[in-house]
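Across the two complexes that follow, chain A remains constant while its partner is chain B and subsequently chain C.
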Partner chain A sequence: MNARFLPYVLIAPVTLFLCLFFLYPFVLVAKQAFSTGAGFTMDNFRDVVSYWKFPISMKNTLLLAAAVVPVQLALALLMATMVNKMKRGRDLVLYVWTIPLGISDLAAGIIWLAIFEQSGFLNSMMHGLGLIDRPVNFLSYQHPGVVFLAIALAEIWRATAIMLVILVAGIGLIPKEYYEAAEVFGASPWKRFTRITLPLLRPSLQTALVLRVILAFEVFAVVAALGGTLFPVLMGETYAYQFDLLNGGAAAAMALIILAISIGFTLIILRLLRVPKGATI
Partner chain B sequence: MTAVTTQAPDTRRAGRTVYAAAVVLLCAWVLVPLYFLFINTLSSPDTVNSFPKPFVPEFDTGSLAFFAGFAGMLSALKNSILVAGMTMVMSILIGAPAGYALSRFDFRGKEVFRLLILLTRAFPLPLLALPLAVMFIRTGLDDTVFGLALVHTTLAVPFAVLITFSLFSGIPMELEEAAWTLGCTRLTAFTKVVLPLILPGITASAIFAFVISWNEVFAAAVLTIENRTLTAFLLQNLDTSPLHLKFAGGFILVVPALIFIFAVRKYLFAMWGIANR
Partner chain C sequence: MAVIEIKNVAKRFGNYQALSDINLTIEDQEFMVLLGASGCGKSTLLRIIAGLETASEGEVWIGGKRIDHLPPKDRGIAMVFQNYAVFPHLTVFENIGFGLRMQKLPNDEVTRRVTRVAELMHIDALLKRYSGELSGGQRQRVAVARALAMEPDVILMDEPLSNLDALLRMEMRAELKGVLAESNTTAIYVTHDQVEAMSMADRISVMHQGKIVQAASPIEVYRNPAAEFVAGFIGNPPMNFLTATPAGTGQWQVAGLALDGPQSGAETLNFAIRPEDLRLSEMGMQAKVKIVEPLGAHLLVTCEVDGTLFRAVLDSDLAVKRGDTLTLTPQPDRIRWFDPVSTRAVA
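Presenting the complex of A and B:
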């Protein structure tokens, strides 16, 4: 086949597929969100935003992201630098640390349910230590703080690995000579980290943060498993509109709102961590 | 003077101890919750619901037997495997050619194409299931395993393209050119030279696609009603199902993940490192 047409033939299937199942659905969801049957309208958005659960679920989603993402970033950076220096057992440690990468959010929620539920391991441990006489029902409306903590811990447990993998790969690309030169000039390990690792890791940090923040706004199954209706989040409300209230237009409007927030934060992260042109390794 | 010389190895040893302790602690952070799930799964339903909990499993298969006997659970498991299998095959068949094209050719519109692929990563894709639910009803794909596999392929195919792109880029063009001069056509050079080298990497990215589909909850819950996948089934029954059923279900969800991550561990970092540039 002619080499001029071959690349187009090769990319045609993906392009067609993504047009049909990625771009076209976006047109559909927008159409659905801006119409209630007759013509253009903002009614769906007005309904959704004025619903009493909307401010709470918005606040919860943002709060959760604000609590979880910085911890994950710090943890992933720590793990990545630790692994980088490791001589023995690196493969084993990396395998263990990346296990959560393959675990679904629903499974992660169930795993942490085993710890926090009324007859769970946290209660058993506290009972064993003599701190409590009877098991406490942590995941109830009397303990909103614990519900939040359980969800945040499950999210941190599950999704730190994805940042870790990106950062470990990124650190691997930084030339060793920079560190050797810094050592010659007597830079402390902390200086080397802040002056070499962090700036050169910027493209990886960018990707890791974008990916992670978008996933944070999509949080759904962890919350469903641990908090249920106690902790409404945007994605859960979208699901409720579609299934419990059978209101497709409102669900579409919610989808667009989540989308807008995701895009907004993506742009902010890209801007904050932008890589100067020609400054890549 | 002597104080200084004895202090230096001391602090170094202390530093090493802290470092080792931190590694062990972080490993425990990952493994202990998994171990708790393991205890609950391998305990009888009565023990799972009792208090206080034992900290060693009693190796009773009661919970798992209950899981297997629960109405609809086994067919949900079968659906999950089917959807993930289809997603795996489709995303590689559709994605790998594009990855090859990106690594080997310079063509007009390459940047636009790359942007389209990267764009998919900046969107919460499971939300696409909402409009697709309507579209699928019109085309008769609603509540089918194949329809869900199409949506999961949308999730997995950008990864397949980027991963195969980085894998193909790792194989020098010269190898193919040498094969051409020795009488191979473009196709035979690909099947005889490139494919054997790339096959383990392709397998790894196929497994990755399988895991993406296996774990997906939202789209699965939106698009299936009768033919629930395991994740959708568990989600739907969260309010009503007893604890031991949840834990056994969670365990069944986790096991393939453990095996798959182990199988692809060599490729994990190479795939992500370059796929994210």
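Presenting the complex of A and C:
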């Protein structure tokens, strides 16, 4: 076969698959979002945006992402650096740290619910220590801070490993000689981290952050398990439009808004962490 | 003043003894070359001096100060790495200025020093480029410039030219030697290439299996190898060896030839002679010619003497062919003798 066409032939099946099961449904969702039955309209968007819960769910989603992602980034970097320094037992530690990845997000939410709920571990522990007289319902409207904290903790516990595996792979690729050169020329361990590791890790950081930020805007099951209606988020509202209010058009509009935010942040991350022109990393 | 003293240094990796009994003094502004085959411990010794590796035993002193417990940056050293280690995410300018930035020198001082060494290394036109846009030779120059910019007491170089092609290597060899002589630094240079070592060194330390076998000037190492290993390692082709048996006091029998030698009670000695120190003559050792290689300037003849391979460098005008028998005489003052048990030279 002609070598010029071979690559295209080889990627054809995947392209076809994606068109059929991704692009086509996407077009359908977009069509649904921009129509209420009679021609093109922005009504769905106007409706969802003007609904009183929209600003709150938007604020909650962004706040959660802003609280969780930086902590996860710092933790993942720390853990990746530690794993990279290990000589023995490295694989075992990595397996243990990535266990939460194997648990579905709803299950993760339920695990943390078991900790925070009125008859949960936290209550029995605090009771046992004599810190409280009777069980407290932490996850109630009286403790919005605790609700937020519980959700953030569960998210950090659940999804830090996604960044970790990407960063471990990236750090492992940085030649040892760069660190030795930096050390000889007077860079402290911290300077070696900020001047060598971080810049050389940019491609991996991009991937890890984009992936994690997109997931953060799609947060749903953990919030549903721990916060219920106390902590509305964008994805939760989308679900409510589709299945509680049976308003497919509004749900589609919400989905597109989430997509737009994700794309926006992806572009920002790619821009901030771009490799200077000419530099090869 | 940066005299380097290495005292009783040893290094073990687990059960593996990489270095033992290393004692070496390198004078101020001396160009010392560590020469030896791959795996003999050259890099390990250099890295111990640099502080990238910790010695299992012994001390390292630089400029009269014990430094083996100090971090690399406090030792007054700079280093050129084998694979250059030029940072790919920084421009040539920032690479050269990296150490100066770490010392928090003011901007104009950094610019002044970077510009000076960049001119010295002929890379001043490349300062804005990244390492990915440089050739191997240019990257090498950046690595050297980065070390020079530190204005260190000591420059350590680990096979800095081994990744360059032959022509560039020859060019850089001369240039490096000149630049380092100008800079008044003490230099330790690791290589496995004896030509590089001979042409650059003030003194060569020949290393073998984690030990320094001989530390002397290039000509001394060549003329008076202190051990059989050195005799067989230095020189291309290396020295010829034959077994000598006693024939009276100070007299030794070598391949049918009686020669003056050391007064030794040994059962046998090893006789050694360089291929270029052999002459054709009426009387001498009978050598059966195996291979004739015309090398232009002279003829390299591989023969068999006493059942041993034996090489001679002869005049290129000679008509010698395979199967001929030559009569060779060693130049008396160039003969060296080694004790077969200790493998050390016997005077």
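Going forward, the second predicted complex is superposed on the first by the 267 of 281 C-alpha atoms of A that agree within 3 Å, B and C clash if a C-alpha of one lies under 4 Å from a C-alpha of the other, contacts with A are read in each partner's own complex, and residues count from 1 in each chain.
In this text, contacts are C-beta pairs under 8 Å (C-beta built on N, C-alpha and C of every residue); 3 or more make two chains touch, one makes a residue touch a chain.
What you are looking at is a predicted structure, and each value in this text was computed from that prediction instead of being measured.
Based on the superposition on chain A, does the combination of chain B and chain C result in a clash or a fit?
They fit side by side.
On chain A, which partner touches more residues: chain B or chain C?
Comparing chain B with chain C, the partner touching more chain A residues is B.
Should A:V96 be classified as contacting the first partner (chain B), the second (chain C), both, or neither?
first
For A:P175, decide between first (touching chain B), second (touching chain C), both and neither.
second
Would you check which partner chain A:L230 touches, where first means chain B only, second means chain C only, and both and neither mean what they say?
neither
For the superposed three-chain arrangement, provide the angle chain B-chain A-chain C between C-alpha centres, rounded in steps of 10 degrees.
Result: 80 degrees, to the nearest ten.
Once superposed, minimum distance in angstrom between C-alpha atoms of chain B and those of chain C?
Result, nearest C-alpha distance in the overlay: 8 Å.
Which parts of chain A are in contact with chain B and also with chain C?
Dual-contact residues (chain A): none.
List the residues on chain A that touch chain C in their complex, please.
Going through chain A, the ones touching chain C are 175, 177-178, 180-187, 191, 196, 199-200, 202, 275-276, 278-281.
Help me check something: in the complex, which residues belonging to chain B touch chain A?
The contact residues of chain B facing chain A are 19, 22-23, 26-27, 29-31, 33-34, 36-37, 40, 48-53, 55, 93-95, 97-98, 100-102, 104-105, 107, 110, 113, 116-117, 120-128, 130-135, 150-151, 153-154, 157-158, 161, 186, 211, 214-218, 221-222, 231, 234-235, 238-239, 243, 246-247, 249-250, 253-254, 256-258, 260-262, 265, 268-270, 272-274, 276-277.
Which chain A residues qualify as touching chain B in the complex?
The contact residues of chain A facing chain B are 1, 3-4, 6-11, 13-15, 17-18, 21-22, 25-26, 28-29, 32, 78-79, 82, 86, 91, 93-107, 110-115, 117-121, 123-124, 127-128, 135, 157, 165-166, 168-170, 172-173, 203-204, 207-208, 210-211, 214, 217-218, 220-221, 224-225, 228, 235, 238-239, 242-243, 248, 251-252, 255, 258-259, 262-263, 266.
Enumerate the contact residues on chain C facing chain A in the complex.
Per the stated touch rule, the residues are 50-52, 71-73, 77-79, 81, 83, 85, 87-90, 98-99, 102-103, 129-133, 146, 150.
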